[in-house]
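Take a look at these structures.
Paired with subunit B in one complex and with subunit C in the other, subunit A is shared by the two complexes that follow.
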Partner chain A sequence: MAKPTSLKLHTKQNIVGWAFVIPASILIFTFFFYPIGKAFLLSFQTGFGANAQYAGLVNYKRLLSDNTFKTSLVNVLTFLVLQVPVMLLLALALAYTLNDHKLKFRALFRTALFLPCATSLVSYSIVFRSLFALDGFMNALLLNLNVIQSPINWLANPWTAKLVIMLALTWRWTGYNMIFFLSALQNIDRSIFEAAIIDGANGFNRFFKITIPMLKPIILLTAIMSTNGTLQLFDETVNITNGGPTNATLSISQYIYRLSFQYSPRFPYAAAMSFVVFVLVGILSAMQMRVGDKR
Partner chain B sequence: MTRYKIGTFLKYLFLTIAAFVSVFPLLWMFISATNSSIDVLGGRLLPGSHLVTNFQNLTARANIPQAMWNSFRNAAVSTIASLIVCSVAGYGFEIYHDRGKDLLMRILLLSMMIPFAAIMIPLFMMVGNFNLLSTTTAFVLPSVATGFLIFLFRQSARYFPYELIEASRLDGLSELGIFIRMYVPVMRSTYATAAIITFMAGWNSYLWPLIIMQNADSRTMPLVLSNLIAGYVTDYGLLMLAVSISVLPTIAIFLLLQKSFAEGIIASAR
Partner chain C sequence: MRKRLSLLLVCVLAFGLLGSSVALANKTVTVWAWDPAFNLYAMEEAAKIYNRTAPDVTIEIIETPWDDIQTRLTTAVMAGQTNSLPDIMLIQDNALMKNVIDFPGTFADLTNSGIDFNLFADFKVGLTSVDGKNYAVPFDNGAAISALRVDVLEQAGFTLADFTDITWSDFIAKGKVVLEKTGKPLLSIVAESPDLVMMCLQSAGTWLFDEDGEVFLANNEALKEVIRIYVELAKSGVMVQVNDWEQYISSFTRGTVAGTMNGCWIIGSIVQPEDQKGLWGVTNIPRLETVPNATNYSNQGGSSWVVRADSPNRDLAIDFLAKTFAGSVELYETILPSSGALATYLPAGDSQAYGVPHEYFGGQAIYADITQYAALVPQVKYGVYNYEARDAVGVAIAKVLAGLDIDSALREAEETVKFLMDF
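Right after this comes the complex of A and B.
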């Protein structure tokens, strides 16, 4: 007698379980998987709506000869290569310095360093844009200190514009990455450090021989997160430099946005470009998962 | 001993400089909100008397209360909707897990790899086809269910004692009743973390509202801010006041709930 009842109960629970997970699943399929499939199909067309035509690889071929696309790709890769390592090293050094129980004002330092994370990307971009304006605070400060003789037009010169974007990114995200390192450092057994001190290892050696190897998974994780973020850069370049001067800070996402929503809409071509971003991010996320598995 | 002292000094110097650099732009922003544009450009670092004037100029140029309300409404609706949908799903995936649901979960997690730029065009077309442009519904729909939040709630359900569920079943509670009366109250901290992440993401969201909020009355704070920098002459006092207003709520959340905030950020990467 007991068996059929429990079986019925099990079936009932199974149905309830599916009822719990189905709404979210439908939403994810509708708003993530369907659009990415749609973008993929779109990327093989020319024209859209009633004029849509299958065009094979035309859009992808055009990408190869699109200099603006190349510029945006190079810009984003420049940010990636120059800014991400500096930021991660800085975040690591800050976390390492903060992870000291004898340190005074520890909570205060942590709060201050973490504070930039509370600002939205558009807000802090506008603050940086204002700080580095031609008649802005940075030039006033440097002129007063006699570091420079005439104001620097930060946002109008390709390299200084890139520099401002990278400074801004570093300001906003160093504390964010520091939090990861700090939480990982707190999980390292302190007796390892104590043993190293007894063995005569100095702070420098402890940092490079113990801390860095033990944090390797987190370092890789933050590196891959920063890479994904940089590949999808949008809010900062739009609001600090608007991609200029002459596309020197144009990001891929901003170019896609321009193609789709600012010029006469060229959705299929933009879709091909966005699919390239998807593949780039996909490769890096796959790496992230593999790193995650090894932990 | 001297070497130790120099080391300690350098440590504090490093942290002090870094902390100063982190705080200064925000401090400058708040101070500049009270100064005239000329004083801001002159490099004035003391609070001034132009706060009221800046506020009047700002409200004359942009409908700030409307934009704040739009931002708040969008972020709040998105938070409530995703907390309900994702916590139910996360709980379901863990408590009733079997092969089929485990596989489905793994597929859903793949959605986290999709960059927004790759799906924004089809999403925009969908929203347009449903006549939902400039609505909260359009703002919310793509972010109600996310692989990350479902994952977060599934992880927290993993630590929920199964005996409690079986005992509740014997007491005659329905499956939904167990979820609402047993799981939800215990998992308050997970809900807090999830709420902070989702609310912040909604409040700060820029690219998606930029595409869909075409009606002036539907613009959110980031869009209004971004519009203020267009044009040739910038009133920096006004601009910094606008940015300060938009940043205040998130800084308040941050300072009040720093621990959940940090947990949210760390959880978001797992």
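Right after this comes the complex of A and C.
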């Protein structure tokens, strides 16, 4: 006869499991999902504090006629289209090179390439700003090499300013993505490559017919993470160019910050804007899943 | 035994907390301000003076950068948690009206608090009052100065007097001569920061908003004239544009640029390099010749003290400010020589300390001169949407420099500001 007071092993494990999950879940719900829900409600209001009223889609309609918002949207999409593919290709190439076990000083190169990720966003941005200053290192270098005749005012021209931001982003995030590729490459069974070599596949074929298909889930992951990161760009543009010149590098996040804290506070409108970013990230990720994930 | 011990421990802790919080609630006034060498130092000296008559009051000063003060203030008011704010806060003058109007009831109305606002410079009282009510105790002076390297001017055959009480076209003409003979521009400026433009506007008694608070850019003749001057300064090379504040400061501390124009608080940065001692001079800024009522005086920057309206220490905080920043000439005499913190408290201007010659400026009694400038600064209202308009004007200037005509650029700017105002 079973003891009436003792629980079954299965139930007991269940309770232990829940006990582990519940504290973290409560924290995530209170500090993450609850504010998201509140912000969603906020985006349908006008006014603030005690005077807030529901006003339907007013804030979302307003976005359609906001030229500064459109400028910032075009800016981040430009970064997305031009910088993310280059960065991911570079990360993939570097990971592939560093995965070669005949290469000497591999650990050193890996550390060197990953090191930028350990620097704070603000400090590296400030370093980039001074590198590309009118009397900065880049101009001095190019002048001494006789590449240019007079110093370029990098941060004062819309396109060169965008270029500096993209260079900075690439420097900071390539190593980060490379680590994902590297760990995925190390999980590919060496015997697959050996078999391919025996079958007569050259390096080119091995890379495109074996490596790339096997890395697909990771390429997808890094692409989605980079898309997400670029749409939420803030630290780099604030610290390198402060959104200038003529709003040419203004990111959506910086505009949201301005609307909330620098201008007369417009929290509901800013909340609506952040939900548009949220939806955009969702759509772009879904598109990438559609294209990339054929499982 | 162990249980009893821990219970005892809990009791001791609880009482300790209770005890200290009671003591804090009654006798501590908390203050948020930025800049240790300037504002915080002044506050510490004020606390010392106040403690002589009220030794049981602690003035707790917490260093908080301005951007953080604005962010925390906005967040606290929006969330209805104003008790997370200190009793006294330092607020930038250009954001004061915005905060008072956007957050009604947050700041104590000081009109009938016993502080005599007639004793402060007019323009400063104008900036710190809304609808005739005073919301802040004016503090530092932002009277605009034109600081120039007298030795460089002499090389070009000029003296400081040649740059005093002049017009902008005069300034540009003479600046070109200086540039030609010495290779040095007279001004540097952070690109897209409209500070100089705003300074010139105030010197003519106009602003980016009209008297009814409506945005006033597209048809603002004074603004158009200022932008024309700005473009000429930039194109002629008399003024160079740099990308950030550090480069701006180093442009004149390293001597690549022979002067600067800003609020008088910039003196703190000018006097850093030892090798330029005695080479500088201070005078008033050029005036706009085509604009009626234009003067050679303006203001740039500056901040004032506000008191939180629902603070339990409200009266104590007001009393503290009344007896120090709004009532102690001694305080201003103490902080002037070591920090260069010029007051807008007029009785302090008569003090001996202000007449002392400054050796960095070749023995010129600059503080007495600047106090005179401050009295002549035209009064304007910065308005609720000042930051919106500033950014829009900054973009407009960059567009004009890139080739767009002034009228179209300002029309665009006006539309942007109108859009941001219309909620």
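Definition applied: the second predicted complex is superposed on the first by the 263 of 295 C-alpha atoms of A that agree within 3 Å, B and C clash if a C-alpha of one lies under 4 Å from a C-alpha of the other, contacts with A are read in each partner's own complex, and residues count from 1 in each chain.
One rule holds for everything that comes next: a contact is a pair of C-beta atoms (placed from the backbone, for glycine too) under 8 Å apart; a residue touches a chain by one contact, two chains touch by 3 or more.
These numbers come from a predicted model, not from an experiment.
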Superposed partners subunit B and subunit C on subunit A - clash or fit: clash
First (subunit B), second (subunit C), both or neither touched by A:L155: second
First (subunit B), second (subunit C), both or neither touched by A:S264: second
Subunit B versus subunit C as contact partner of A:V16, first or second or both or neither: first
Touched partner set for A:S65, first subunit B, second subunit C, both or neither: second
Subunit C versus subunit B, contacts on subunit A by residue: B
First, second, both or neither for A:A133, with subunit B first and subunit C second: both
Which of subunit B and subunit C A:S226 touches, first, second, both or neither: neither
Touched partner set for A:T46, first subunit B, second subunit C, both or neither: second
First (subunit B), second (subunit C), both or neither touched by A:G244: second
Overlap of the subunit B and subunit C footprints on subunit A, listed as residue numbers: 129-130, 133, 135, 260-261, 267
Partner subunit A, residues of subunit B touching it in the complex: 7, 11, 14-15, 18-23, 25-26, 28-29, 32, 40-43, 85-86, 88-89, 91-93, 95-98, 101, 104-105, 108, 111-126, 141-142, 144-147, 150, 175-176, 179, 203-204, 206-207, 210-211, 221-222, 225-226, 228-229, 234, 236, 239-240, 243, 246-247, 250-251, 253-255, 258, 261-262, 265-266, 269
In the complex, subunit C residues that touch subunit A: 67, 70-71, 74, 77-78, 80, 98, 102, 191-192, 241-244, 246-247, 384-385, 387-388, 391, 394-395, 398-399, 402, 415-416, 419-420, 423
Complex interface listing, subunit A residues touching subunit C: 46, 48-49, 65-68, 129-130, 133-135, 153, 155-156, 242, 244-247, 258, 260-267, 269
List of subunit A residues in touch with subunit B within their complex: 13-14, 16-21, 23-25, 27-28, 31-36, 38-39, 42, 90, 93-94, 97-98, 100, 103, 108-109, 111-124, 126-131, 133, 135-137, 140-141, 144, 171, 174-176, 179-180, 183, 203, 221-222, 225, 228, 231-232, 234-235, 238-239, 252-253, 256-257, 260-261, 267, 270-271, 274-275, 277-278, 281-282, 285-286
